[in-house]
Amino acid sequence: MGEFIGKSVKRREDARFLKGMGKYTDDIKLPKMTHSAFVRSPYAHAKIENVDISEAEKADGVVAIFTGKDACGEYGVPCGWQVDFKNGETMREPKHPLLAKDKIRHLGEAVTIVIAETLEQARDAAELVEVDYEELPAVTDPKKAMEEGAPLVHDDWDSNAAFDWCIGNDRAEVEAALEKAHHVTEMEYRNQRLAPNAMEPRSYIADYDVNGDKYTLYTSTQNPHLIRLLMCAFVLGLPEHKVRIVSKDVGGGFGSKIYHYTEEALLTWAAKEIGRPVKWTSDRSEAFLTDAHGRDHVVKSRMGFDKDGKIVAHLTDEYCGMGAYLSTFAPAVPTYLHGTLFQGVYTTPLIHLNVIAPFTHTVPVDAYRGAGRPEATYLLERIISKGAQEMGMDAAEIRYKNFIPPFDGVEEAGYQTQVALQYDSGNYEAALKKGLERLGYDDFRKEQSEARKNGRLLGVGISTYIEGCGIAPSAVVGALGARAGLYEVGQVRVQPTGKVSVFTGAHSHGQGHETVFAQFVADKLGIDMADVEIEHGDTDQVAFGMGTYGSRSLAVGGSAIIKSIDKILEKGAKIAAHKLEAAEDDLEYASGKWTVKGTDKSVSFGDVALTAYVPHNYPEGLEPGLDFSSFYDPSNFTYPFGTHIAVVEVDADTGAVELQRFIAVDDVGNIMNPMIVEGQIHGGVAQGVGQALLEEVAYDEAGQMITGSYMDYAMPRADDLPMIETENTVTPCPHNPLGVKGAGEAGAIGSTPAVVNAVVDALAHLGVTDIQMPLKPQTVWKAMQN
Amino acid sequence: MKIKGNYKLPASRSVVWDMVMDPEILERVTPGIKELKELSQDQYEAVSEVRVGPVKGNFTGKLSIKDKTEEEGCTLVIDQKSKMGNVVAEIVMNLASSDEGGTDVTYTGEAKMSGTLASMGQRIMSGVVSTLSKQFFKSMEEEIDKRSA
Amino acid sequence: MNVTITVNGKQFTHDIEPRLSLAQYLRENLDLTGTHIGCDTSGCGACTITMDGNAVKSCTVLAVQADGSEITTIEGMAQNGEMHPIQAAFKEKHGLQCGFCTPGMVMVAADILKNYPNPSEEDIRHGLKGNFCRCTGYHNIVKSIQLAAETIND
Amino acid sequence: MIPAKFDYIKATSISEAVNLLDEHGFDAKILSGGQSLLPAMKLRLNRPEIVIDINGIPGMNSIEETGDEVIIGANCTHTQILNSDMVYKTVNILHQAVTTLGDVQVRNRGTIGGSLAHADPSADYPAVVLACNAQIEVEGKGGKRTIAATDFFQGIFTTALEDDEIVTAVRFPKVAHGKYLKFYQSASRFAIVGVAVVFDDSKVKVGITGVSDTPYRATAVEEAYTGNGDAAEHAVDGIEVMSDHFADENYRSHLAKVMVKRALEE
């Protein structure tokens, strides 16, 4: 370990954020910039009979108004992942128009954009646009969308299914095993729809420079290069080298800012039309209606156990809502990011999952923190606990019985699951053991039974999760339907003075890349962190990139940088050898200098850098310069895992749940910066607890959203949460150079079932075996009454 | 959203029925209604200004009466549009003679809202309907008082 | 309407529309973009500033209402290039990730510490009720404010 | 979010505000703390043509004590009330309610007069003013008058205020022993049920907010009270109970009883 790796180095990005000097997209003002406002549908499903912009056009300050009848109405945003029907039929992929022309398919779909000199004028004029709609019946529930006679979201097909997919063992074989099982536990529930709610609303500014015929889009995205690729190649047909995407400070994403949104392409198009920059920043109300949501699975599941509590088979059927259109990664979420985790940390021998993914009259659903893995973990960790409860077993004991034994992926081979993946390394029982020790499990059970005698309802919930991060390699994901590679790019440019600029295709929107990446770069080069600058979020600066999501930045992006560092050191050694008049093999590199082994003869990194750029005395045939770029395509996913434990008390009179303790034991492989990893876990846990107890996007039957603001969409506030107790076990990833696994989503994956298990545990003696999320006081109270 | 309630009016069924069927009276007693224009038999164009605490908006649209059974009941169909969202409601109203000589009015129905009204108004909507209904019947009562005076 | 407002110790006079919120005024007229807007219903607290010493949500105050008042924004917290103890504590305790809610958190923390110089964890969590953070789970924000209290009291 | 255009007038006296209200009728809106009005205007759920700011009117933001009363100016912010030692000592139940109200920032701007005039069915003050039998001082074209809390609330966002009247102060009788308890909605933090109980010898006065479209005195509870929590069973007798996404009629009725019981047993 070096000077910085593994240390809780304070973040270098903090100074600007703490002083109010961050530059989020909405903070940017361009000369002659115009402002825009959208007219959005108040209906979930409707025919557009007429759009009258005549009054609006006359309003003060209006620069332009566009509707679906303008040229922009011909463009559509594509999906980035193709998942076909299990019978071979191609995925149904509707066009997602930039502005609706004839038909509305979800509440809040954009009908008209009004561009004006000021934001006030744009808003005022937008109110004057008259749209005549004929409201049509809507369907918002994924299961109901597949019922006979359900309103069709797209008329091009005879059902709402985008695809119907399965994974695992033969269904009949799984069913037969369930028939024979000693005990079968069943569950039916909804993994409710969530709104990601990054605190910075989406914001875009498009600019067109007529001189260079060049577009610039400033956007609050997690994924600048992919936005450029999709927008240029699939939406607007623009040459990529004429388009620059800038995404500097971004105020949180949690998935919702990965995707290419219609507004990005529309503004880019409009900027050229009007010859001026145009800005749009979402209101929170608009965000609820238009940001991609998460989850929305309707689940029916059966798990079979033998008499010892060993799982013998697992069969699940799900309806996973896609919303009205297919968002960029939507099809991958309930399939390859979900079904592939159905093995969990258990030795389940037979698994089958069927997923029907229907269109509904709702905003598109896509990856939200964890993406498919929280939904898989929720199912596994709830159903195994429910099974234990039904069979009179202890929740920890049943898990110990079913764990895959420890394996490090080096001495012992990786673990091949029934659902396509090969886990890299794992030690699942160690994490559970550590968590139970931290809790004082046996003592808690005593306290719980004492409390019950006094009418107090205490409960503990355990969740032992696994997830898959840094999805790769590209050839595999390509075979699974991805329309992009999932490698990452890392460029290391050593400046003549020995200062280092690193360009990464990963993107930080809170994760602290500028610090963590600089930590390992400085260590690997043996130089000071202050001499390393991390650049990201600008397609003109960074060669290419695949952005940040799926906890991939360090495992994939970091590894790409390591590859370039290796090349730097390899070339540096040649220069050093020349300068020291020694053989390369006789040199060793440490603490920022090459030394001839066993002597005090050395040359510094800075000297070598200068020589590379002033190659007067230089190895023959070697190119000047010290600047390398690498693409890293991992050989496998990484598989973080861990144990989360929640302790709750339920108010017997009101059903209110108090989260008293939360213990998170996470194994994310090697840890670069413990402070940042802990912070990621805290945040993930808060979001997972949010899903368990508070959060829910609710649409009514007609497709109106009844939780469209912070007055009705409940998110955790400071007084909803306790301090979060974090612990780690460390099982390095065997296949990437840093041995890291990823920490961004773990918190949100393990926590949700832990909390629900705890509440059910608190009420178990009352005969409660399941409660639907979110566990609102009313819901819990009603469960207690039955 | 479900709407239901009942109210006792101190007048006979025939008086209450005639009042409900009289657009002039309806215009006077219905909270917020500024203008009720008869389009055809039992079909009206309504212009209203609804003011409930923080919410104030102008609505326009149709109001019609169907399934009429003299002195027994009818269905009120409301379809009102505004900048902040639209309201569509169908309310079944039944009249029954009460023991004390008055009329028991019971109403049940369903209201659908859209737009900002729907997404922002959840917390208060059942209260709004309750208050508006009370206002309606209180005005009816005043109208009855006026007539009997 | 003409307003004169003192922001971070400097006096400004502008002719503005009455409907301009103080948050927009700070961002658009003064280019003080550290004050962020995260919601429409006064629920998120990202726009928190202090007005005559009290934390308020600047999205729910009209700029015309601030006529004659003294405003401090996040940009006014550091003095002579030195971070305010609250800012320094947020850095020390990793009380921020994406940074978007951070200015509001720092400004409300100032109000909390004004009223509770030795706050308990509960006082802090109670005081943060009006501010959403989606990144940190509040854990390190609470720790930051605890540390800030210690530093200020020292 | 940006409100529709309006004219802004900063009133310098009560009579000026009243005259403006009289002149402009429903086109005008009084701006006090603005914590409910401004969000509604930003969402364009309301679009007054004239906003009359009463914050600058002198004499409306003091807390004063007479022999047996505490008089709180309508423009007093929630924070002012929270920090008042006098309120803490003499009307502690009011102090209790304010601690649960909104958040730091909202309490720093919002005012007691604004909140009462707004008459949100889930606000905290109504339960307290009802249980305390507070008197609400108002002024309009017709002069000053006093409205008893029990006559003040008439429906959702609806009060006994005439169209040209504004709240100028609230007079609380000193209360030796009282309890405010709230069960809040987890998103808005408004009350699903808020219960204020004032104990007076062997009797109680009970005010309830959040349950119905109008906050009410739970007279059935008061009549049945025999010194313990049993009377809580009558918390919603004769009351039309609201229903929403977070609490349907059944659950809300149940919660009302639970919270009344707890408050009575404090």
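Labels A, B, C and D are assigned to the chains in the order they are written; within every chain, residues are numbered from 1.
Please note the rule applied: a residue touches a chain if its C-beta (ideal position, glycine included) is under 8 Å from a C-beta of that chain, and two chains touch if they have at least 3 such contacts.
All figures in this text were calculated on a predicted structure; none of them were measured in a lab.
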### Query
In terms of CA centres, which chain lies closest to the overall middle?
A
#### Entry: Relative to chain D, chain with the most remote C-alpha centre
A
### Query
Per the centroid of Cα atoms for each chain, what is the distance between chain A and chain B, given in Å?
49
### Summary
Distance between the CA centroids of chain A and chain D (whole Å) is 44
### Query
Quick one: chain A and chain C, Cα centre-to-centre, how many Å?
29
### Message
Counting only residues that touch at least two other chains, what does the list for chain A look like?
### Response
120, 127, 283, 285, 706-707, 709-712, 715
### Task
Please set out, as single numbers or ranges, the residues of chain C touching at least two other chains.
17, 19, 40-41, 43, 129, 131
### Query
Of all the residues in chain D, which ones touch at least 2 other chains?
1-2, 4-5, 39, 43-44, 185, 188, 245
### Message
Applying that definition of touch, give me each pair of chains that meets it.
### Response
A-B, A-C, A-D, B-D, C-D
### Query
Once bound in the complex, which stretches of chain C touch chain D?
1, 17-19, 21, 24, 40-43, 45, 48, 51, 54-57, 59-62, 64-65, 67, 108, 111-112, 115, 127, 129-131
### Query
Of all residues in chain C, which touch chain A in the complex?
17, 19, 27, 31-41, 43-44, 46, 73-75, 77-78, 83, 87, 90-92, 94, 96-103, 106, 121-122, 124-126, 128-129, 131-142
#### Entry: chain D residues within the chain C interface of the complex
1-8, 10, 31, 34-35, 38-39, 41-43, 51, 53, 55, 79, 83, 102-106, 108-109, 188-189
#### Entry: Residues on chain A engaged by chain D in the complex (per definition of touch)
119-120, 123-124, 127, 283, 285, 653-654, 656, 693-694, 698, 706-707, 710-715, 720, 776-778, 781-782
### Task
Using the touch definition up top, name the residues of chain D that touch chain A in the complex.
1-2, 4-5, 43-44, 183, 185-188, 245-248, 251, 254-255, 258
